[in-house]
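Two complexes are shown next, each including chain A; its partner changes from chain B in the first to chain C in the second.
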Partner chain A sequence: MIKKLKLFFKEMFFIFNVKKSVKIGLYGPPNGGKTTLANKICEDWIGEEMGVASSVPHETREVKIKESVVIKSRGRELKFNLVDTPGISTKIDYEDFLSHKLDVKEAKQRAKEATKGVIDAIKWLDNMDCVLVVLDSTKNPYSQVNITIIGNLAARDIPVLIVANKIDLKRSDIKKIEAAFPQYPVIGISATKGNNIEDFYEEVFKLVKRR
Partner chain B sequence: MPHKCVRCNTLFVDGSKDLLKGCSNCSGKFFFFVRKEALEKAEEIGNRLTEEEKIQIERDALEIIGSDVDPDAPIILDLESINIPSSGKFELDLVKLFRGEPVIYKLEEGKYIIDVAQTFKNLKGKK
Partner chain C sequence: MITLQYIAHSEFGPLDTASKIRKILRSVKEDKILVIEGKMSPEDEAELITCTMEQIDKRFKGIEIASLDPQKKRNQDFLDVTKRAIANYLLGKNEGLTIIGPASIVKEIKRDPNKIELLTKMNNKRKK
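The block that comes next holds the complex of A and B.
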């Protein structure tokens, strides 16, 4: 009886807390697929895109919020505000953009905006209730950016779900990400193709419960 | 090669026990390598810049800050969060940015700009 009561209050507390507009942030290095995932979530549950995704690094240079996203899984509902953030990097060089058909002036402007975007993304971290760290699973996860982001989330006690994106690509290696960050749950998905997206939503429910 | 704690920025010499046990200051277990050569290289670049490039860099930094800072009043400090080695190139110290330290832009040796608005916000948050 006591156990049932405890469970009842726990569930009530969970529902009450969720209604206080939970903020879920998408963080990670550039080109990991944060905006593609944000678009996938918004398309699946709202029927509209959130932002423009592209192969040019630092496409997202401003923090974007989609309010009142409601997802459903196994008869449960979860309402949250989704926050897409600019990619975090330690070095932004306009010359890297020149190969993407941008002229020098445009590339320098992009570098400037991207730098401001990194600062804004970090400033926003304190407002987050939970964070999805989106990583490109075809790339080496042992980078300064990844370690800094995840280390700081741990220091702030913010629940983290690592999203190993691009599992549809041949070079994808989820195990390497799991080995790099063994203390965190890792879910492999393809935001573009929708692979494993149902399991991802299930993990989002678990993530919000951990806060 | 020295190591820097990700959480508190403390430097440890190579082979320090803290690298195995965790940072003696904050118990953090994430460290970065710090290369002395990188610092020296940044200084070299600063010396090579033309006056025109330096002015452009100042404009870039002011645009990023977007707050009222007097560009003619240099503020000299021993730390920086963002280094601008030349126009359109930015190096960010994520450790300092994550710690919420004042956002300081290093334009060239001895000349820095501080995001005053953010600094006050950080101070308010710590109270």
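The block that comes next holds the complex of A and C.
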């Protein structure tokens, strides 16, 4: 009986909360594919891109919000505000940008903006209702940045879905990500090619329901 | 020459977040690699990243950090975790290890579940 009541209130809470506009954040280290995923979601459901994605690290240097994104799956609808955040890192050296054909002035400016972007991304953690942690599945998941992000979300009791991106690449290893974070759901996708994107949307519904 | 500095939990643990971060960044900016007994909390780590970003300039490029947490082994039941927590509390210990170094010297800290490998840069070029 208590279980049924609990479930009933949870369902009601879910319905009312969804109407209040849920904030779903995209977090992760640089070059994991956060903006590519944000663009994929926006292209699929709004028909427009959210931001510029590139192979140059720290392309996204400020928090961007796309309001009222509505996704549909199995006859259900979910409305949320999508928040794309700058990649979090512990070091930024302007010289790293020089190899990406930026001149010294541009590289220094990008580094300056990138440091501010990291600070903003961390500040925004408190504003999130749910978070998609976007990781490059070809890279070692045991980085301290990944652990710090997920640890902070756990400390704030924010539901997390780990998105193992770039599964279309040969070196992709979802199992390693699952082994690194066994207490969290992991979904493998390719944001660029759209692989497994339907299952991803289904997981987003489950994520919002967990809050 | 690389300088390693060990900080015991008895010295680091009682400090508040701001003092911990001041201590870390002061040493890292002196090109020291810190080996700290114990693990920082996720909130302290986030604050460390924030302060690091605020202090990045021509000379200071940031930090490399990794920590090991032996308490987070899988298949541990509640009783094991509780026993360990009580023992650590009584002995004033904090299991785990944190390594922090300047990004200008430490190229990468490779971390697997049970080991840390620290790779340093061979030629440490500095600009004035």
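In this section, the second predicted complex is superposed on the first by the 199 of 211 C-alpha atoms of A that agree within 3 Å, B and C clash if a C-alpha of one lies under 4 Å from a C-alpha of the other, contacts with A are read in each partner's own complex, and residues count from 1 in each chain.
Here is the rule we go by: a residue touches a chain if its C-beta (ideal position, glycine included) is under 8 Å from a C-beta of that chain, and two chains touch if they have at least 3 such contacts.
All of these numbers come straight from a predicted model, not from anything done at the bench.
After superposition onto chain A, partners chain B and chain C are found to clash with each other.
In the superposition on chain A, A:Ser143 makes contact with chain C only, while chain B stays out of contact range. Legend: residue contacts after superposition of the two complexes on their common chain; A:Pro182 is shown touching chain C, with no touch to chain B. Within the superposed three-chain model, A:Ile92 lies in touch with chain B and with chain C [touch as defined at top].
Of the two partner chains, both chain B and chain C are touched by A:Leu125.
In the overlay built on the shared chain, the residue A:Ala155 is in contact with chain B and with chain C. Applying the stated contact rule after C-alpha superposition, one finds that A:Ala107 touches chain B and leaves chain C untouched.
Residues 88-93, 111, 115-116, 118-119, 122-123, 125, 144-145, 147-148, 151-152, 155 of chain A contact both chain B in one complex and chain C in the other. Of all the residues in chain A, the ones that touch chain C in their complex are 88-93, 111, 115-116, 118-119, 122-123, 125, 140, 142-145, 147-148, 150-152, 154-155, 179-180, 182.
Interface residues of chain B, counted against chain A in their complex, comprise 6-7, 28, 30, 32, 60, 63-64, 66, 82, 87-95, 97-98, 100, 103, 118, 125.
Those residues of chain C whose C-beta lies close enough to touch chain A in the complex are 41-43, 45-46, 49-50, 52-54, 56, 61-67, 74, 103, 109-113.
Across the complex, chain A meets chain B through its residues 88-95, 104, 107-108, 111-112, 114-116, 118-119, 122-123, 125-126, 144-145, 147-148, 151-152, 155.
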